[in-house]
Amino acid sequence: MTKVTVYRHEHFNAAHRLHNPNLDDAENRRIFGKCNSPNYHGHNYELVVAVTGEIDPVTGYVIDLGTLSALVKREILDRFDHRNLNLDVEEFSARNPTAENIVVTIYELLRPHLDAGLELQITLGETPRNLVRYPAGGPQ
Amino acid sequence: MTKVTVYRHEHFNAAHRLHNPNLDDAENRRIFGKCNSPNYHGHNYELVVAVTGEIDPVTGYVIDLGTLSALVKREILDRFDHRNLNLDVEEFSARNPTAENIVVTIYELLRPHLDAGLELQITLGETPRNLVRYPAGGPQ
Amino acid sequence: MTKVTVYRHEHFNAAHRLHNPNLDDAENRRIFGKCNSPNYHGHNYELVVAVTGEIDPVTGYVIDLGTLSALVKREILDRFDHRNLNLDVEEFSARNPTAENIVVTIYELLRPHLDAGLELQITLGETPRNLVRYPAGGPQ
Amino acid sequence: MTKVTVYRHEHFNAAHRLHNPNLDDAENRRIFGKCNSPNYHGHNYELVVAVTGEIDPVTGYVIDLGTLSALVKREILDRFDHRNLNLDVEEFSARNPTAENIVVTIYELLRPHLDAGLELQITLGETPRNLVRYPAGGPQ
Amino acid sequence: MTKVTVYRHEHFNAAHRLHNPNLDDAENRRIFGKCNSPNYHGHNYELVVAVTGEIDPVTGYVIDLGTLSALVKREILDRFDHRNLNLDVEEFSARNPTAENIVVTIYELLRPHLDAGLELQITLGETPRNLVRYPAGGPQ
Amino acid sequence: MTKVTVYRHEHFNAAHRLHNPNLDDAENRRIFGKCNSPNYHGHNYELVVAVTGEIDPVTGYVIDLGTLSALVKREILDRFDHRNLNLDVEEFSARNPTAENIVVTIYELLRPHLDAGLELQITLGETPRNLVRYPAGGPQ
């Protein structure tokens, strides 16, 4: 059994603000600092979708990267790109859009659309120096 | 006369929206597309400040890059980073924050703080694939 | 007059072979080395299209980057991408596809489609360590 | 036991074409799209060779990277670089040179030359946005 | 249990020399080549600190990256940056500063300052083409 | 006349220290800060050699990049790489090895070996965020 991991890089640009409505303003400011700035700021999010599975003997592919890219476009980019994550994306109406929460959300949105025999792992770069990955560890 | 150009890379993260208040909504949407999205989106802006001048024979420097970096922090980053350019930065209260207008604004903010004998040129990356430079041409 | 340069990054993947039909095989091998390999090799070509002009006061743009990107797609990518430059692209039927000749060809294909008031400069990366630019010098 | 992974980056430029001779032309075109283009296209392949093992107390090395680099040059680069993978490399005479099949082939070519106590993992970038890894998961 | 890995990129510039005092000069030269050059050479070391843990439901963070960055600055950068690793950093007074030994040392210096429930993995780039990771495998 | 600029990327690793022997220790420390650290520190220097000239109609080249790379190796890399610039490179025995002075020195060492009809410009990256160029302005 020859399992290979394939990686597809995508990106989107979005505004966000870190804020926990259960905490008061001073506490939000103390925890989130300038990321709590009230009128939002934004990022070029770099997204890497890693899919692990066996090579199909007919195509030589684990998964067609065109199909994978179209899936990411439909489920993630069309809903997150050039949007305000807090205001425009329902998944973050009650979930603080930290990089950690965004990467888990992206995983949850993509996972149901992949065959059960394929493993999925998502990496998200919020800036070139700050990245997150879910599930932790594993293929990439 | 030995003129050298030195480059210092900085970055900031900000939200913005492209919108011309003199045009109606349909026209704004037609010209600016998803960049006109009403609740803002954002970018990791990559900033390169290029300064051209003669090498100081005592220091071997054109300009101390620590001094240059502190100037950029004070005049640009402290005012633009983790902000909404349209709402939080007065220079864009009446100027559409396109990459072109941002790069000219940064030049105008830094130019008065550099010696007259030094040339200045600013490059701004809005995404890894879209960049602008002002003044056009020249040192970099 | 506020002239700004804008840069758009694109890329294409192509096969090529360096060969001058006016020289014999030994001479071709001596000049072009492994780049003369008979069955072709290939590259991920990184293309930067730089356009210099004044900022339009209505849009805040020098040129709409969506329009520029669509032009590059139609004139260059649709004809060069995933092709064999020697066999599939007529411009190289009688012109050796060195990086220098490719960058001049791209300039010649794009120049007629831009307004006369805009300056154009093309940079082409053949590998991350070998790049070319035409016209030499100038905006970028 | 102090196991460390060391990574060596190499690269090669090659032409290839995706094609399964057991399928007819229409089916090849449907599955492989422009990658099935008959006269080949090409890539700058980025190769990362990851070796995991214990640190040698005399040298402080897991493996001498000069030795590893020379091995990769002899077994992979001298045979793949500036070649047509389909026509010039015997391993692909009957194996479709998808990124997945190339990365497995490189692993198979290098594995016999490393000590049994060392683990090996190969990552191959076909473009900056499409990468593959074999074995899946693990050290990198 | 939702475990996520977060990555923080830092860097430092240092001089070093590879030398084993238990070996004679000829043997040191044979093993370490130009890295044994007597007056030292140097690198821009790229450091990635990966921390794996559960997302805190109050903050949405695995660990505050500002806190993590300050820890790395205090324990590593303030002691390694712009120094000679062999002469100025006591950990290398009796340990050859190969990339492998440096990455293990950084792990040992940071590990005691992180909560027991968090996993730590360090990646160190000595050049863009030579990197090391400790512990081997796992999260990144 | 079709002038094109070609760029070749090279790199070397070296130790250095910024120090002006005509100034006392306190003044050196004040001006050069941690770059004055007595036991040296170091960098991965990224070097870009830009050569501008007409395309040779026989080869399609401005200059053979293999020839250019061999010249840079012989004149610069073999003398600077894995060395201490202050102690091992005679050009810096009486010239403070700031990035500005290094880039001018590299230009002076390469210029005599290129045809008079070719223009030369050198860019040197000391870190990914600090770069210098000589002559200022022009082709790159």
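Just so it is clear, A, B, C, D, E and F label the chains in written order, and each chain counts residues from 1 on its own.
Here, a residue touches a chain if its C-beta (ideal position, glycine included) is under 8 Å from a C-beta of that chain, and two chains touch if they have at least 3 such contacts.
It should be emphasised that the depicted structure is a prediction, and the values quoted were computed from it without experimental measurement.
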item: Chain labels contacting subunit A and also subunit E; value: D
item: Required minimum of steps from subunit B to subunit D, each step between chains that touch; value: 2
item: Geometric centre distance via CA averages, subunit E-subunit D, whole Å; value: 28
item: Centre-of-Cα separation between subunit E and subunit C, whole angstrom; value: 41
item: Between subunit A and subunit C, centroid-to-centroid distance (C-alpha), Å; value: 34
item: For subunit E, residues that touch 2 or more chains besides their own; value: 128, 138, 140
item: Pairwise chain contacts, counting only pairs that touch as defined; value: A-B, A-D, A-E, B-C, B-F, C-D, C-F, D-E, E-F
item: For the subunit F and subunit E complex, residues of the former touching the latter; value: 11, 13-16, 34-35, 37, 39-44, 81-84, 87-88, 127-128
item: Contact footprint of subunit E on subunit A as seen in their complex; value: 18, 20, 22-23, 31-33, 95-101, 103-104, 128-138, 140
item: Touching residues (chain side subunit F, partner subunit C) in the complex; value: 2-10, 52, 55, 58-62, 64-66, 119, 138-140
